[in-house]
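Lettered A, B, C and D in written order, each chain numbered from 1.
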Amino acid sequence: MRIGVLTGGGDCPGLNAVIRAVVRKAERHYGDSVVGFHDGYRGLLDNDWTELDIERCRGILPRGGTILGTSRIQPYTFHDGVERVRMTMSELGVDALVAIGGEGSLGAARDLHDDGIPIVGVPKTIDNDIDATEMTFGFDTAVQIATDAIDRLHTTAESHDRVMVVEVMGRHAGHIAIRSGLAGGASLTLIPEHPFDIEAVCESILRRHQRGKRYATIVVVAEGARPLAGTLEMPTPELDRFGHERLGGIAQVVAGEIERRTGYETRVTILGHIQRGGTPTSFDRVLASRYGVAAIDAIHEGAFGQMVALSSDQIVRVPLSEATGRLKTVSAELYDAASQFFS
Amino acid sequence: MRIGVLTGGGDCPGLNAVIRAVVRKAERHYGDSVVGFHDGYRGLLDNDWTELDIERCRGILPRGGTILGTSRIQPYTFHDGVERVRMTMSELGVDALVAIGGEGSLGAARDLHDDGIPIVGVPKTIDNDIDATEMTFGFDTAVQIATDAIDRLHTTAESHDRVMVVEVMGRHAGHIAIRSGLAGGASLTLIPEHPFDIEAVCESILRRHQRGKRYATIVVVAEGARPLAGTLEMPTPELDRFGHERLGGIAQVVAGEIERRTGYETRVTILGHIQRGGTPTSFDRVLASRYGVAAIDAIHEGAFGQMVALSSDQIVRVPLSEATGRLKTVSAELYDAASQFFS
Amino acid sequence: MRIGVLTGGGDCPGLNAVIRAVVRKAERHYGDSVVGFHDGYRGLLDNDWTELDIERCRGILPRGGTILGTSRIQPYTFHDGVERVRMTMSELGVDALVAIGGEGSLGAARDLHDDGIPIVGVPKTIDNDIDATEMTFGFDTAVQIATDAIDRLHTTAESHDRVMVVEVMGRHAGHIAIRSGLAGGASLTLIPEHPFDIEAVCESILRRHQRGKRYATIVVVAEGARPLAGTLEMPTPELDRFGHERLGGIAQVVAGEIERRTGYETRVTILGHIQRGGTPTSFDRVLASRYGVAAIDAIHEGAFGQMVALSSDQIVRVPLSEATGRLKTVSAELYDAASQFFS
Amino acid sequence: MRIGVLTGGGDCPGLNAVIRAVVRKAERHYGDSVVGFHDGYRGLLDNDWTELDIERCRGILPRGGTILGTSRIQPYTFHDGVERVRMTMSELGVDALVAIGGEGSLGAARDLHDDGIPIVGVPKTIDNDIDATEMTFGFDTAVQIATDAIDRLHTTAESHDRVMVVEVMGRHAGHIAIRSGLAGGASLTLIPEHPFDIEAVCESILRRHQRGKRYATIVVVAEGARPLAGTLEMPTPELDRFGHERLGGIAQVVAGEIERRTGYETRVTILGHIQRGGTPTSFDRVLASRYGVAAIDAIHEGAFGQMVALSSDQIVRVPLSEATGRLKTVSAELYDAASQFFS
């Protein structure tokens, strides 16, 4: 067979590990050839690709990012998108596709499958908020990077008796925040699932600092955290020229309120893109490699329209139609465990 | 209530995170008091303990090891062991116990429960070979440390065109080896579950090196890996004065054979105890904290004789009687995925 | 003797290593006792202190921050400051002082020495901009943290064909920026010593990106970098309630200009306080320990009014009067070496 | 000009950074072309080389090892060695050479210069034992790796009340041992410069453990450490088939004696090749880059027969004739500072 692979959406540590595993399993086990499309669906639409083989994938396992590039371009925003996908595939003799991506890319994969394109999906979201799989690769790396940063902030917070507000990724769900907050020993973690009461936040900080100097406070804030309705006016978010909200909005608001209400010097750290770059943890490398291998098996077993997923430490398949649309939020058990350590 | 906690068996990153979570949940949520027994069951037998509270546990989350110390001493090796346990508990007014430990400690916990002691278990094994839970804390840290070491060995192996043999932990199961080998991009991984044929090993190394210089070989060997019966004579293992087999035996044998049969310079790295020391990964800190919180809930719900466990990213309970005795080995799927990358 | 020690100014990885070395050398080698003053000179003024001995310093070597706390309070801002210092010392029977701090704290130490107080200095500045010593502890750690972050940003910049602007510390000198930019393979580094021309910056980015996708740009900006006079209007800096300029000002300006002038998506990372927290590198632990030991020797040899310093990998002494007032800027040789790699 | 570059001797983190800097400065600043010889002097003798340019060196800065490969082959072990070097150079039109290497490679460079070959040297030794430079690249990385390992061993030593013996590199000088021992908080460090008395070692361990359980002992041993003459019989060292002494000899002897004489369980960790592989620290990347740039300047200024070196944080030049033959040992000041922390 001849198999095409693409990576769509935001980048994520482990994408290269998936690509390498796809190529290895395809070429060595099945004798397939593999083409890689550049910049996600854009390369598939524009017939922009590169030949991939085992040699080309040498050394990419520990590297972050994706050697194929990525973009947010989707086939269904073009009236002739599906036609162009078919043309590229037939021109290159590509029999089936592996689409590695998040909500958007997997939704497009589902639609392509419905339109008769043989495609399987590999879930990717740094935020770990896809409901159909227990874990996505890249997430563990992001949590580790955030935890390392929180570890570092403890000593400086204590030495100066300061409040530190750390903003981490998580627009719709607080997985990174709740885990890095728990792992890093944060005093408080604010996530989208639980709108916060700024007054309660400030009271707990005051109580904590009154206990003594070593009780400096670290507040972890998911970028999607929001105040309880009506309790705190939020400034209109600043947008960049691509229409994305600038990072740091909520952290700045929270820090400003804390400083104003408690009088404690409050500093903001916005981890931003360092959370999604660089070498993946061993956990993510293993998961990504297993996904890549399993995606090729799925193709050879004709399991099109399916996505590989992790369930009870097993690689399973779920229909792409079930994979998208349902957001996975932080479980009550995990939130309860983490909140035991709120000060 | 008054709750006792102890850590038994080999140490493991995350033990302190469990202790901290036990104390936090008990003291803050339930208003319990907690005593910590020194050196596992020894402290329980000898009435050697320390009072634990939230203040005492401050700062221990990121620290490896166990503030309580640990030992391999078991109550049932003493004819009056159970009696002494009962005496200590009644003397201190301890109502229930949390035993954090591996196969041995959990087996003792099961027997104590059968003898009427109110006890719950928290599984601990760096090797991740307890069947009743999907994941044990400390394991992810060990895999990460081994992966970091393999990452480092690649460049030196390539620069000198050498074979590197790395021995990692895993006496009965190859979980650390197979995952760090996969994550580190090893050329070959030998685990107890799959006895190896040294001739096939050497042939694959020769084939690989003939492809060119960048094809230097890294072989990951679990300490419990063994040759196919009759294919390779193993030296009598060297024992230390405590009867433990010295580390490095199998790696030295494998390296010697490779050097002799292929002529390639072959060097051995034995990671040893650095795999089980030091700060836990964020994954292990989160898992350990959840276990600690759940163990206290189990006690308050009277779920004695049970062990907390991870299943599908949920904390569940399983009877201690099912928790021990069944070894979890590397799954066929994972071994197959990893073996795609064997050279 | 009875020796007092204090840490002043911003915190810095390695402060605890100095304290530990001071105590160890004093107690063990000379049989001295040591008191630690809380929050820099504040504790010395307010008679707020703690007894320090070898046992108390156990385990602090790898920990960032300072167990004594720190502040920017200076004795000479109080009319009776020197008097209060003398009173505290006589009350506690303290014979001599070790002041660990930067420009401000060392200047106060010099003045105290002029007023007859027996004091020696240990230089501390995360920015490495004290002219009288080749290297200050904490600096290597900050450079390493910034380099790690830049390493991570490469893959995400390449995957998305973006410009990344990273702001690092360095208000008056660009040591952290120039070294982390060189070590991290940045495409451009802007430092206070060399005012930048935003037009030239943007042209070089355009040239670079036209070469192809893998040429994504990373710009490292020291917080004190400034445009060439008259070339770019700077917004009035935002001050926090303590009168400090908010971090991120210059990075936001530079990123905004790049995005506007080149059309490339440009993202900002502001490392902030994670650069000065957490465990010190081995380099900083060694340097800090040597400083601590040498400071006690200086006291016992009566070398008051002197500061310990590093010169040609030797610990030497320089008069406090020469230690302050002269800023060490990035050398022409190092800037030239780094600029070879500007794109 | 056309410039040749080679890397000889054992590999070392930072070699690629030197190569990249050589190419960058030569190509961009001077308009030179660069050829890289494979496997040190072997490629120069055998006319085995590759063209190097800026593009080829992209991405190698953070990677350990050397893209050119390395070997211990020396021109003067062949009767026609110098002739072959001349022939290769004239055939390729190479005007001058940069030799990156240690004692052996630099000695050969000195001899080649004496024989009229235009050559400059870049010092490389992971052990930092070349007297003519304050610091060699790769050394800081090795110390950091050893320190990280010692950090990890503390917690496991304390939890089990064990003695841990860690062997680090350093055959002739104890630089890595003394610095990583100091940085890692070792209880004792044995280096070649100070032959040890095993009885004193064991006594100090006994004293230490008698103080309590948290006093577990970590002994760092340089591979070249030796007992005081006549105090301890050393087994004949085991040699591999290349005549190199197997690692771990001295650590095993020391650990065996400690276990036998004190009765404490004693475990050995032999770091081996992970000390010289993997990504360099920022310190080493900066130093290596400066060396590479300075070597090309030296060539263009006709400073043949010279070696670049670090002196007071400046890059200077020293004659190759002075660069070799004098071993740099651990200074009395540093050893004295470190020994303050011996238990």
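Convention: a contact is a pair of C-beta atoms (placed from the backbone, for glycine too) under 8 Å apart; a residue touches a chain by one contact, two chains touch by 3 or more.
From a predicted model like this one, the values you see are computed outputs, not experimental measurements.
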Fewest touching-chain hops separating subunit A from subunit D: 2
Chain labels contacting subunit C and also subunit D: none
Per Cα centroids, the chain farthest from subunit A: D
Chain centre separation in whole Å, for subunit C relative to subunit A (CA means): 34
Euclidean distance of C-alpha centroids - subunit B vs subunit C, Å: 40
Subunit A and subunit B, separation of their C-alpha mean positions in angstrom: 29
Per-residue multi-chain contacts in subunit A, two or more chains: 151
Touch relationships between chains, expressed as pairs: A-B, A-C, B-D, C-D
Subunit C residues touching subunit A - in the complex, by the definition given at the top: 10-11, 13, 15, 63-66, 69-71, 145, 148-149, 151-161, 164, 213, 240-242, 247, 259, 265, 267-274, 276-278
Complex contacts: residues of subunit C adjacent to subunit D: 21, 24-25, 28-29, 58, 61-62, 134-135, 140, 143-144, 146-147, 151, 179-180, 182-185, 214, 279, 281-283, 285-286, 289-290, 293-294, 311-315, 331, 333-334, 336-338, 340-341
